[in-house]
Each structure stands twice: as structure tokens, then as C-alpha cells.
């Protein structure tokens, strides 16, 4: 079985394990999810206690769900959290009692625009109780008295996050951050964890890693704020580049959202990797490049807050504006494309390759071209039988030799020449071995 | 009667008063026009004496028209300045005498391209006598002797201009400059005066004006040169932004011609205001942005001469290259759209709003996003029932909080986010009140 | 006979003289070619001895061809260098002997993609013997023993290049460099020599040349490296702008490849000249602008090597990527358009005009426009009878006056205004005569 098939099989196994858990930004479901991830890659769990101040925020109390369902006027149990954990408003407070259909309505959340889906609704920071259901189901509710049984608690506990770390030869690091707090969301949640796990496993097989790579599995927003509050300074000192890894399934097109810095190394590397993907894949889905948007999107907002302003972008396989399934019961395993995840994963890996291999050289033979024949680096016939690959590498070499003047990094040379970064990189190694650049 | 209707009525009244006057770059018609304007807004008249050196120019003598007409061979009085003041070549010198049709032709000005219109022709700086008439009428002239009666004088008098001033809390000022020297031209002349008067009246109702606003009513070219010669240094010290206000009627599309500085505050504000106008009006007439052109256009050439280089653009409702009526008897009140003037006036007002409210803030909570729920600035539910307006304001707030790092002014944030400037501005007030930015 | 016809006639005469010579990067054919050029313009020949180190390269031994042909199994003499000098692999080593058809094949060079043409193949830096022939002819070779008679020698001699120099009032210079080492190639070789000769003759008629102009006739690559090695420092000190002059025939479109500096004076001037050519010629062939490419093209690679980085571009009438004839026997005189050479020559001349006449002025009357009527530089009537040419010159004058603030050169003013450079230039002379700028 080849690597792709192995990865696909593994992805499906992990997805099935993670799917049913009832996650939130704190609590048992989140902790269980981290434990499952730990079966596949080594991660360290950290607990941040409820009530701790993290920057302008406070870690909330842990949400404990003992039970949650509704009994309709004819005694039928409906909207049971055990059937679908989206049925309970996430972070719902406790309510046990009888209520008239008319009053119940204030506690029911639906999305009329996608009437057959249960929406995913949260109320982390204001106490409310409630249920979520499809708009169609709400319309079928019969009049009468309903029995509500929401048995939840808020306890002093902690917020959990997981951290993987692949040591490189340098302390400088690349960050891959994914959120893991949504209950039963496939693309907008689990895809990111799958990509991170598979990426960790791929990178762990590389013998000489230049930069260390850190993997974070966090609850969204409060998780990255907590992380920054605890380790932000260290991260800022060591970070070379980073990606928020979410929505890596879906039908495409791939979307890269720039960091707030706009054209830092991560931005240039991601754009280059997408261009190479486009050249090599005959896809009718052109990758999109969008700008950092502080009003939109995930933990990138925290990493790119003005005083951190970290070089962290966001690469998805499908932007959330392109999918009807977003934040609803339709974002399920049936609709998740594991092929899309693996396709996208190649781009992640290439980005890390580019970031890790980018360097700036300076010519040692800059007056005219070096006499490449002397170094056995040039065809001695001028005719047309050279095969294309050799020709590309020869072109790469000439580009590297000409532009290595101390101001252009390899990525810049690859951008200007439109030659694949890996070819430019190989050419630079050949040139250095021959003492043509240093 | 609502504001728009009041303004429309007022515009029509002033237009009828100003229309018949026989204006030139000096003299009675110009002075009478300033007196009429003074009935509607307080302006101060200044007289610059004939012969005074103003930069490289000299104020010409005043032109006095006592009479001007032609009597044809059968004794019919034609081309009478009292019938249409375009008939007399503007600044024509005196000539009383008989002349043969063939010799007369050297003194007749027509425009064969628009053969049914009387062209507007001037000869300020070389002594000539002559009449202007439609090309069609010229062809109908019968052979024979014509009696010319042009009774004009050049006297030592002065050049007049008017100046309105709305004091703001700052000495720094915004300039609105219009020319008022053309006789009986509706769009290319009176529209600018109407816009200036209405704008003055609108702005005078604003209680707290940050910047002072200066309104100039000048004869074209020599007027602005005279003004710069007298007050140019002061203007340069105090000027924040300015607009030459001409051709504000017409059928569109609106046109903004940049200042010589290219992207000064006035340029960015005008372009933003036109974009907002485009978003809010379902017009098929896309506003145009053109570059400063020293060979084309009006007093802007003087304000943007290289040693002044003032941040002054030019906003029209229709560029003069887009209209057949330009500088002819067709540019009359029947062809002038007062609706166009009012439409365009909203853009003028928005530009001044943007210029006046632009500021740069710096975050007080830049490590991660502030916990907006704490300040009651964020929905506590994540679901989809928020109305669009609130959502826009929330987005504006997140943009302001993220980009207020001391390097981005509110206009820049509005440009990047494509959110209306006024929303960005409101968001910045909310953020400041909550001590999130300073 | 007008200039164009004279030039056309001369071009055809020189082409016929140069065509049959058996050129290479050294040797008799090259020397004879320089002698022919010397009949038409004064050039100085320089000999660089074999074995001399030139930067990273060494001048190769001279190649002497005494004879070169093949005798097929039935005794027929084929592939005779005396019939077509492309038949012998350029720089082929000596081989006299019998060889079987199968073994012969390793020494035959064809181009299957253009099967009816003899390819032009060289092996300067590795010893090989061989013949070149059309792919069709190779397929017709009969089995059996072939007699090879390649009687060549490598002797200690020298590499030759020619240098023309038109002295200007300044030591600063413009370089025109062409290569002259290909045997029997019309567009990719001789066109450049023809253009250089005609350009020299045109420029020699100009009385006041500001800059000196240097013309180089070199073998490709090794020639420019030798030149740079000997005179590179001096060239770098004196060079204002330069062009590699090759492929000036062909069917178009014209192509300008930028210097490595990207927007130096030569780049801006060439792009301007091509734009003016486009405006004045109703061609459906839009000129192309491409970027410097170190993996592609000729001596420009040497002039633009990183430590020289000279402002030298390359203007062709047809880029070599656009022609099937490139480096084959199809690139012959029948396929060469002398009209194309002359058309292209006008652009060369205009580039040199622009480079030579570009200056930066500073206004002496920058507060408002100067009163141009006083200097007799402005129409005293405002009406519409001015002819377009006058109007363009008037516009040019206003642009020059406004933008002459010490930061914009005339070329910049021409770029911004889109007014022809020569009009801008004339306007600047008028302005200077009138003491409006200095």
C-alpha cells in the first residue's frame, strides 16, 4: 500500500474516533480528543485553570453536560444531545422544567436559510439555555407543554490544549495551529486536526530538519489567546513562519489568506507553493489569494493582532464562504473529502520545504558568467537534444548564479524565473559545491 | 419641504439671478455676481488694482462695455451684446465704423463643429475687436457694408474676488475654489458657484467643525494667480486639502482629477467618497479618476504649480471633454441639471466629512483581540440572526482595533476593509470611549 | 534615391559579402568579416591571444578548417563544408578515416523538429568531430562504409573583435554590441552587423553628439567576456546606456528585453521609443517588453552579470522564440527582411536620441504658471481654431514648466504626459531660451 493510501486509511480511522465526541472550548470532549490525537503523534497536554486572566480575557469555567433533551407534549423524547450533540446550545446553562411551546421558542435556534440542517450555535460568554434544531423540525413542533431537561454544570476546571514539537537543528520554528473545539463538524474542525497529524508524521521522517516545527491543537480564539498569553513572547522570538490549518477538506478552490505582514516569508512561500500546485495539477479550480481580514476567520486574528503581528497565514482547501455546510449538521463525515485533505497536504508540505530551504547566496564569480563547462555544468554541444529536465536545471543554475548578489533569496529567484523552487534549490547546492556562490 | 427640494428651489433662484450678467475677468458683471452671492452667504470682496504685478502676471485693465452690436447692409441690428452677451468677443477693444463683409469676416468667431451654437471666445491679453456667432448664422450674412458699433473702454480699475470663511476649531483649512468670470455659461461656470453656496450653507449648520473651510469665487487663472500672489504663503501653511469646484452639473459621469501630489489626503478622500457613491447609487455611470494634467483644466494648474504644489484636486459632475455644450451658447440653463449638482454635492460633503474626521489611533489592547463581550461590543451568540448593519459595524470595530497601530489612519483602514468611512469613524469613537484605542 | 533606398541597397551589398564566409568564434572567417565591415565604417581590430585568461574563461585555440566532407558508400561526396559551411560541426576536430554507417550516426547532428533544415551545431569546448545535416537527408543515408575527411587544426592564434567609436562631446558613452561568429546565419547574426553599420553611418552625420557611441563586433559570449576582461572597468565608468543589437530582421513583433537593472535609462528610453513607434505605425504587431533572463539570450548575459550589472538591454525585431528558422539553414538571406531591419533601425535611432537628449530642469517661475503670452508662447484667443500640432507643443510646454522641479527628467515628463519625447525636448529648449527653466 502506497503512502497516499496509508494516509487515507489512517485519516478515516482517526476521523471516526474523533467524530462522535462532544467538544467545546473546555471540558471532557476536548480532553478526550487530545487523547486520541496523542495515540498518533506525541503531544503534550497543557491545562489552563478557569479564572486565569489571559491578556484581556479570562478562562471560563468548564462546561459539564450530564444530560440534555426535550420531551414533547405527547411524551416523545426529542432534541437529545445523545443523538446529536449539536442539539444542545453549546455552553447552555442548566434548566429543568416545563414550558409552553410559545415560551420555548425563545430558546430554540434554527437557520431558516438552510432549513433542513441543525445549526451549530454557542453562547460561551452569556448564560442562556437552549436547543438547536433544523428549521423544518421546528415548524413541525406541536402546541402544548414541553418538558426541558438540560442538566449542565459550570465548574472550576481548566482549558486544555495540545502541543506537538518536532525538533530541528535550529531553535527557530514553524507553527501549525488548528482548532479542536467544535462538536461534530467535519470540514470546519476535524480536517485541520487530520492534516496536522499527517503533516507531523510526514515531517518526522525527514532526517535533517532545519527549523523546528510546532503543532498546536487548541480551542478557537480563547485557546490561541491563552497560548499567546503564556508563550507569546517566546513564540515571537522563535517564529519563522506559521499557518492556521483549518477547512482542509471541501471541494476547493484552495484559499490562502495572507498574514497581516502581507508579504513575509510565509506569504511568499504559500503563494509560490500554490502556483506550483497550479502548474502541476490540471485543475479548473484556481487557488485564491486573499488578504488578512481581522473581522473574519479564526485564530489568525489572534496571532496577527497588532502587538504580536506574527507571520502566520491561513491555508484552506475551501474557504468557508464557499460552502453551505458551514457551521451546521451538514458539515459531516459524508460530505468531507479525504482526497481533498491529502491534496492540500502536499501544498502544506511544499510550503514548509520552501520556508526551510530558503537562503541568500552571494556570487564568487560575478564578472561575466563562470565558464560552466570547466565545472561540467554546461552542455558542450549547443544543439537541441537536451532533455527538458536538464534544461530546466541548467536554467535554474544560470538564474541562481546571476541573481545571487546578496540581495535575492532563493525564493525571490524562483518567483522571478518562475522555475520551481526545488530546482532553484538544487541548482544552488550544485553552485555552492562548485564554489561558484557562497 | 425637505432639504433637497429647498436646495433645488434656492439653486434655481440664484441661477436666474446670475445668468444674465455680462461677466469677464474684471468689471461690473463680475462685481454684480459677487454681490448676488453675498445675498446667500457671507463673503468678503477684495479688489486687486489694475497694473499690480501678481507673480509673473499683471492685473489687466478693467473692461467696460457701453454697447456692442452690428448693423447689416439692410439696416438690421444683429449680434447685439444686449441680446446675448456671448456675441461680443470678451475683452473686445473699441471699434466704431463701416466695414465690408469680406473684411468683417476676420473679426467674426464661429465654431464650425457645432454650427448652431455661438462660441464663447476671449482675447484678454491681445487687443482685438470682434463678434461671436453661430456658424450657421455667419453663412447667412449678406454681402455689403456693415456698421460696427463696439463701444468699449479699458480703464484703470481692479480685479475682484470673493471669499467666504467658515471658522473651525483649527486654523487649518479646506479650500473650495470656483471661477466666476464666464458670461452666460451654465455648467461651465454657474454650477460651481451654486455648489459652493449650497455647500457653505450645509457646512454652516454643522456645530463642531474641525477645520475651517474657505470658499473662493474668482476669475479663472488670473484670479487664482492674484490670490496666490497675495495669500499663497498663508494658504500653503494652513491648507489641509482643497477642491476646485466646477462643472458640477451635466449628465455625468463624475470625474475626479488628482492633485499634483497624486495621493495626498484630498486625493484619497475624494476617491473613497466616489467609491462610496458608486456603492450606494446604482448608476451605470462609473466615476472616473484622472491624473493631474498641467495642460488641461482650470485654476488647479495654478494651485498645483510646482512651487505651490498644493493638495488640491478637481471634482466635476461631467468632465468638459464629455460635453458638446462646452464653451458655447448651448451651455445654458435649459441644459443644466440641478439634480446633477445636488447629487454631486453629496460627494463634496462626504469628502469634507472624510478629510475632517480622519485620524490615526493606537491600540491600548494589542495582544490578541480585546474581550469585546466585556465591553458589550460583541454578540454573545455565534449564530446567524445578526442584522447586516450591526455586522458591518462589528466588522468596522475589528478592523479599527487591529489596524490602529499608529501607522494606519482611519481612511487607510476604510480603504483596506472597503467598509464605509463613516462606519469606520463610528467604530473608532466606540473603541476610544471604551479605552481600547487612543 | 532617398535615404531608405540607399540604406536598403547598401544592406543588400554587405549581406552578400558577409554571407558566404565560414565564421566561428575565432579564425579566418571572423577576421575576414571584420575586414568587410571595415570597408563601410572605421573599426579597430583587436586580437586576444589563445590561452589568455579572461575572467573565469580561457581564449580557445584558433580553429582552422582545411577541408571537410563525407564520401558515401557509392563514392558520392556529400556534406561538403564548401557547399554549406553548416555541414561541418563548428569547432569539429580532425578525423580522416573510414567508418560504418552505424558508427557514423553518433557523429551526425540533425533537428527532427524541423526535418528539412540543417541545424547549426557547435562544440567549442569539448573535442568532437561531426557533421550536421537535415533530418530528412539523414534518413536517406544508405548502409555501408563512409569515408570521413575532416581536415581541421587547432592552432595558437587569437580571438578577434572589432570596435567602432563615434566621439561625442562627452567621454560618457552608449554601447551597441553585436555578435559576428555564426556561419551563414542571416537574421541571427548578420542583421545585427547590418543594423550596427547603418546606425553608425546615420549617427556619424549628426553634428553635435552629446555622448560618444561605441560599436562592438564580437564573437558571442567568449567575445564579450574577453572585452569585459580587458576593458570592463572603463566601460562601467563611462557607460550611460547600451543595447545588444541582434535579430533585427524577421517578421516581428519587436521585442525589448530589459537590462538587469530593470528601469535604468536604457530601459525607459527603449520602452518609450517602442511606444512612440506603436503610436506612429499602424501595426498589428504590438512590441513586446520582456524581463532580463540570465538563462536566455546572448552577450547581455555577460554585460548583465552581477558584478558588472551594466544598463544594457536587447532590442530585436523578432525574438528568437518566435521563429522556426532559428539556428538552422532556414535562417538564410531569402528569409531575411531588410525592410524589417530598417524599420527597427528607426527605433534604435530614437532610443539614442532619447538617451542623448534627456535632461532634468528646474523651474525659474514656479509660483503659478508663467504669463506665457508675454513670451509669445500662448494663443491670445481661447477659441478652437488652433491646429493640433501647435496644441501638442503648447501642452508639452505646460508639462515641462510644471514638472521641471528638479526631480523629473524630460523622459519622465514624456512618460507621464504621453507626449512624444521630441516634443517635450523642443518645449524644454523653448522654455530654457525664455529663461523659464534652467
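Here the chain labels run A, B and C in written order, and each chain numbers its own residues starting at 1.
Here is the rule we go by: a contact is a pair of C-beta atoms (placed from the backbone, for glycine too) under 8 Å apart; a residue touches a chain by one contact, two chains touch by 3 or more.
Just so you know, these numbers come straight off a predicted model, no measurement behind them.
Novice: Any idea if subunit B and subunit C meet via the same residues, over half in common, or different ones?
Specialist: different
Novice: What rotation angle, rounded to the nearest 5 degrees, superposes the C-alpha atoms of subunit A onto those of its identical copy subunit C?
Specialist: So the angle, rounded to a multiple of 5, is 120 degrees.
Novice: Report, in whole Å, the distance between the mean C-alpha point of subunit B and the mean C-alpha point of subunit C.
Specialist: 54
Novice: Which positions in subunit A touch two or more other chains at once?
Specialist: Touching at least two other chains: none.
Novice: In their shared complex, at which residues does subunit B touch subunit C?
Specialist: So the residues of subunit B touching subunit C come out as 54-58, 109, 111, 113, 119-126, 128, 221, 224-225, 228-229, 232, 260, 291, 293-296, 301-302, 304-309, 327.
Novice: Which residues of subunit C touch subunit B once you look at their complex with the stated criterion?
Specialist: Of all residues in subunit C, those touching subunit B are 363, 365-371, 373-374, 380-384, 394-396, 398-399, 401-405, 416-417.
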